[in-house]
Amino acid sequence: MVKVAIVGASGYTGVELARLLHAHPEVEIACVTSRQNVGEELAAVFPSLQGAITQVCDDVDVDLVCSKADFIFTALPHQTAMAVVPAFIRAGKRVVDLSADYRLRDVAVYEQWYQPHTSPELLAEAVYGLPEVYRERIVQARLVANPGCYPTSIALALKPLLERDLVDAATLVADAKSGTSGAGRSAKLGSLFCEVNEGFKAYGVANHRHTPEIEQTLSHIAGSPIRLTFTPHLLPINRGILSTCYGQLKVALSSADLHRLYLEHYAAEPYVRVLPQGVYPNVSYVRGSNFCDLNLTVDVRTGRVIVMAAIDNLVKGAAGQAVQNMNLMLGLDEGRGLGQLPLFP
Amino acid sequence: MVKVAIVGASGYTGVELARLLHAHPEVEIACVTSRQNVGEELAAVFPSLQGAITQVCDDVDVDLVCSKADFIFTALPHQTAMAVVPAFIRAGKRVVDLSADYRLRDVAVYEQWYQPHTSPELLAEAVYGLPEVYRERIVQARLVANPGCYPTSIALALKPLLERDLVDAATLVADAKSGTSGAGRSAKLGSLFCEVNEGFKAYGVANHRHTPEIEQTLSHIAGSPIRLTFTPHLLPINRGILSTCYGQLKVALSSADLHRLYLEHYAAEPYVRVLPQGVYPNVSYVRGSNFCDLNLTVDVRTGRVIVMAAIDNLVKGAAGQAVQNMNLMLGLDEGRGLGQLPLFP
Amino acid sequence: MVKVAIVGASGYTGVELARLLHAHPEVEIACVTSRQNVGEELAAVFPSLQGAITQVCDDVDVDLVCSKADFIFTALPHQTAMAVVPAFIRAGKRVVDLSADYRLRDVAVYEQWYQPHTSPELLAEAVYGLPEVYRERIVQARLVANPGCYPTSIALALKPLLERDLVDAATLVADAKSGTSGAGRSAKLGSLFCEVNEGFKAYGVANHRHTPEIEQTLSHIAGSPIRLTFTPHLLPINRGILSTCYGQLKVALSSADLHRLYLEHYAAEPYVRVLPQGVYPNVSYVRGSNFCDLNLTVDVRTGRVIVMAAIDNLVKGAAGQAVQNMNLMLGLDEGRGLGQLPLFP
Amino acid sequence: MVKVAIVGASGYTGVELARLLHAHPEVEIACVTSRQNVGEELAAVFPSLQGAITQVCDDVDVDLVCSKADFIFTALPHQTAMAVVPAFIRAGKRVVDLSADYRLRDVAVYEQWYQPHTSPELLAEAVYGLPEVYRERIVQARLVANPGCYPTSIALALKPLLERDLVDAATLVADAKSGTSGAGRSAKLGSLFCEVNEGFKAYGVANHRHTPEIEQTLSHIAGSPIRLTFTPHLLPINRGILSTCYGQLKVALSSADLHRLYLEHYAAEPYVRVLPQGVYPNVSYVRGSNFCDLNLTVDVRTGRVIVMAAIDNLVKGAAGQAVQNMNLMLGLDEGRGLGQLPLFP
């Protein structure tokens, strides 16, 4: 049994990590931290965990965490994460960091979109934790930067097209829609039930911080720099992201051709499901699971391809992918603890 | 008091017409029809109307309707509408038809996307009821084809750009999201609460019937043929459409420049609100009202413009626009009966 | 045109007052206040009001408000309200206070459930603004204490039974469910979308502050002291309260008998709708309107009566009833500005 | 590996059985049936199952099912279930029937609330599958009648009170609220998204078919006949039941006393969680899990006790309890396959 810590356990990603790790047969949750709940049971913060998770929240104390756990998930806000991650690494722990702090390789880009970086020396070492792209490197990594939810869905949607150079990269648009858990668990006016429910709007238009992360991955896949337009929207649901991606095809391909290509491309991937033709991804079909559902259509009238990707932003978009990365880093079966089917309805 | 009929009153558009016309000071609801509820009070079908609307549902009998009403709203499915509209016109009534039957000027296009047309002779006369584009012609019309919900939002979003030739028409993408009332009130598996709630998906990808209608209006505005990619999605909310539209700018313009242009363009329009810069349209800010809220951002990194339009699909997207058209046709103040502010939250 | 002020306009009750008063033909919104939004347009706080309400938020300054308005709605939290209401009254203004501060006649009861009262001298004068019970006194009042949302629904549900002494008062239970707007617009963890959506729970069990208010009204109606069990629950919807009330009948009555009695009892009330037998009140049938929908069933197997009442907590449960009270106080038609039908769906 | 069949797999209970049985390490889904989907993959009906469940739907053919499976779950509507269950039993299979057909011991009561019973001979043998009450008998059973969702929650809520005779049985009221999946997956107008969403209402008031089932269990527990008032309501959520139960205490007990009693009473039960005092059951804290969360408060002002129970209607209220019963019948660990924690948010 590997002893793991969840640092920053009182957010939605934290409780989801607790849920998934509790179901993991080779792992023991040995430490949970939450600054605002020190001394409280995590199950008091999240009654869903009652009777199953008995851990009491510690403060975010590096020595304490290191004394209790060997593998560490940091589910902290950006900037807060990089205040502790270097110490965990120095102490010889392996870390999956779920913040944005180690996702961008170029410190200048990070600092342009976020704020000054306090441990840039780790950027070169950190591996971007998207197994479908970086699996081999993840296996070796001490520090994995777990991808953002939007970037995961968009990278998986576009990878087959970019790898084969089938789409004009200058025409890419990603119109993405996320459930509200993506906004976190802090008490903000804009996240109140009555502000979100029965509403729908875009936000962060043309300036969302996931943009450089998306572009970094797509550029890596394509082998040349890519800029796209990315528009996130807020969905009045708890969980789920649907990203609808558009691009002009470079060659005339039918929907059937492309569908076959996607099926082949992802045939060996355990968590990417290319749905049957005509069945469109729906966030409700991946809820609670680590699946990314994909499908696509060619708009023959305009020569454009439309690729749709659905994930659960808290699972494949956060905690599930983090567990998948941990499994790879620990040499376990990649799907250990991730076998639960989606909860529908 | 003008005596009006609502033909096909048992759907969501029907009950919305009843709500709006009840609030209209110069109109009397003189007849409501519903095949499956003949002899029943409309308020028994929709208890929301209890104590206010006392009309009993008639069958869809042309003579009966004509004997009771002088102005007729047909809120029937396509194909069913054109079975009765010609008779109403022959009887000298003025009609706002809320179906798709008279929206497309080219009968061949209609028949390609729908089925054979049984009264093509009226197509030349029918006026497309988008006041912001066709106001003068609506004033003179006997038969107004009330626009579809998606087309209304997309046409209003793109009109200022197309009129001034600011955007490359070959690059247009409209990613639209609609509340579930747009799917109508028939008992279909896909419209069940548990199938829609906490879900989100695209549908009719690259083949939705509103596509030719959108293109007809955009082409008219631009003065040249336009093809765009249109992707509708189903939102787990009752009411509201948000359309996010993308296009490559032909000239370098700042968000501020374009915002000013939109403000000027729509300054005289009573139901188009260009929101302050940075305030994005939200379907919850137009709920129950006839407003179309607009805003835009230029993605300077890619030279693309993103225009967002929010409407209530049952009001500006259906019943409200129908009343606006009626007002124009009757020479009344255009906003008569449409003064209610949005219901928030 | 009466000049009115909305003191505390940045909450959900405030924006609802703005919506309703905007539709009122004999009233002008002359002043809106909001401490945290001083200098901002109210339409910047609530974009739903864009293009219609142009007032800028003032600070809560008694002299300023009195210089601008003749009739004042105070939509402030309890304790904050009583800090300004006495000054408004001294300045000769008439006031509808939507807080709890003047609802309880007995200062000791108030102080037991809330905190010390700073203007108990006004308690004797304040009239409880439930027109169906206190209409004559409201007409004369300078200060009306607008009822709570739960108390309104429960009092109207039980009034016919208690007036005729048909139910054993010792057996009364009110199981009530409220939409989330009832929790107000402050940024609290418990009101976050993800905490409320797809959830349902009781709160304030056996100790909610509306209990003494409910009991005061029921006791007044019955003519003897009544204690009941009141359990509020939080519904994952924006608006609406459904109260399901239970009591043991003292005499054997059929559902039909009691239904007839309710119909007669409320025949003259403009905002109470006793639905046809078998049609149960649904919050979605009163949304946005001032109606209270009622119905009842006798459980013949147990001799118990079940009365259900549905209101929109922001309208008949707050802003709408406040406008109804204002109309009565000003000698206007009681329904002025309240004619909008419910928004369904 | 036990080979199991899901007879009637295309409803919400069917897909939930598939989800849970897929996670069960000692069971193999060997057969699924669905009359309207014969020849289709179950994963085509429910894309959530894509990539995991490969079974094709058979017709409901007794011989076929018996040739494929040794343990049978019948998830059919009442009346349809009893058309096949006797044949399964005759063929020597063990059956958990999720319909209402074998829940009521008295055929006359069944026929009063449902319709004629076609296999009354099995009623004496069938065991009511509420493990917290009938565990020993379930272990021996060939045919288990899986309890209804409402009855499960109400029986568990009241059991400790009734066993100790602490409450006046004549005063019992159960005010219950259920998510919409409880209404099934057939295309009915009343289950449409727009009819349910943002709505809330009671239904089946004083005549819901679960009433005799609830009373049968409560009477058994109490050892004397009990009649209660039961009011179900429809919640605009997918999953979850909250039952709020009321009764007059026979002895003066504090909330703390009763809470302790509940804790002790259920200490050994794996799926009943008595929450800490002051933490009220919320359907969102049991979502997707087999837990029944309980808590209670004594209303000292009225001498009434309020007990709240939350379950997931599709798990502890249907498929989860069915698996729990299967485990007992097969001599497996009672919690096999049921270890998943609730999905929050």
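The chains carry the letters A, B, C and D, assigned in the order they are written, with residues numbered from 1 in each.
To be clear about the criterion, contacts are C-beta pairs under 8 Å (C-beta built on N, C-alpha and C of every residue); 3 or more make two chains touch, one makes a residue touch a chain.
Quantities reported herein were computed from a predicted structural model and do not represent experimental measurements.
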item	value
If a chain touches subunit B and subunit C alike, it appears here	A, D
Taking each chain's C-alpha mean as its centre, the one farthest from subunit D	B
Computed distance of Cα centres, subunit B from subunit A, in Å	38
Interchain centroid distance [CA atoms averaged], subunit A/subunit D, Å	36
For subunit B paired with subunit D, centre-to-centre distance based on mean C-alpha positions, whole Å	45
Contacts with two or more other chains, residues of subunit B listed in rising order	12, 181, 194-195, 197-198, 236-239, 282, 284-285, 287, 345
Chain contact topology (line, ring, star, complete or other)	complete
Complex contact set, residues of subunit A against subunit C	12, 180-181, 185, 187-189, 191-198, 236-238
For the subunit A and subunit D complex, residues of the former touching the latter	12, 15, 18-19, 22-23, 44, 46-53, 181, 198, 238-239, 273, 275-276, 279, 282, 284-289, 291, 293, 339-345
Residues of subunit C touching subunit D in the complex	170-171, 173, 175, 177, 194-195, 197-203, 205-206, 211, 227-229, 231, 233, 235-240, 242, 244, 246, 280-285, 287, 297-302, 304, 306, 308, 310, 345
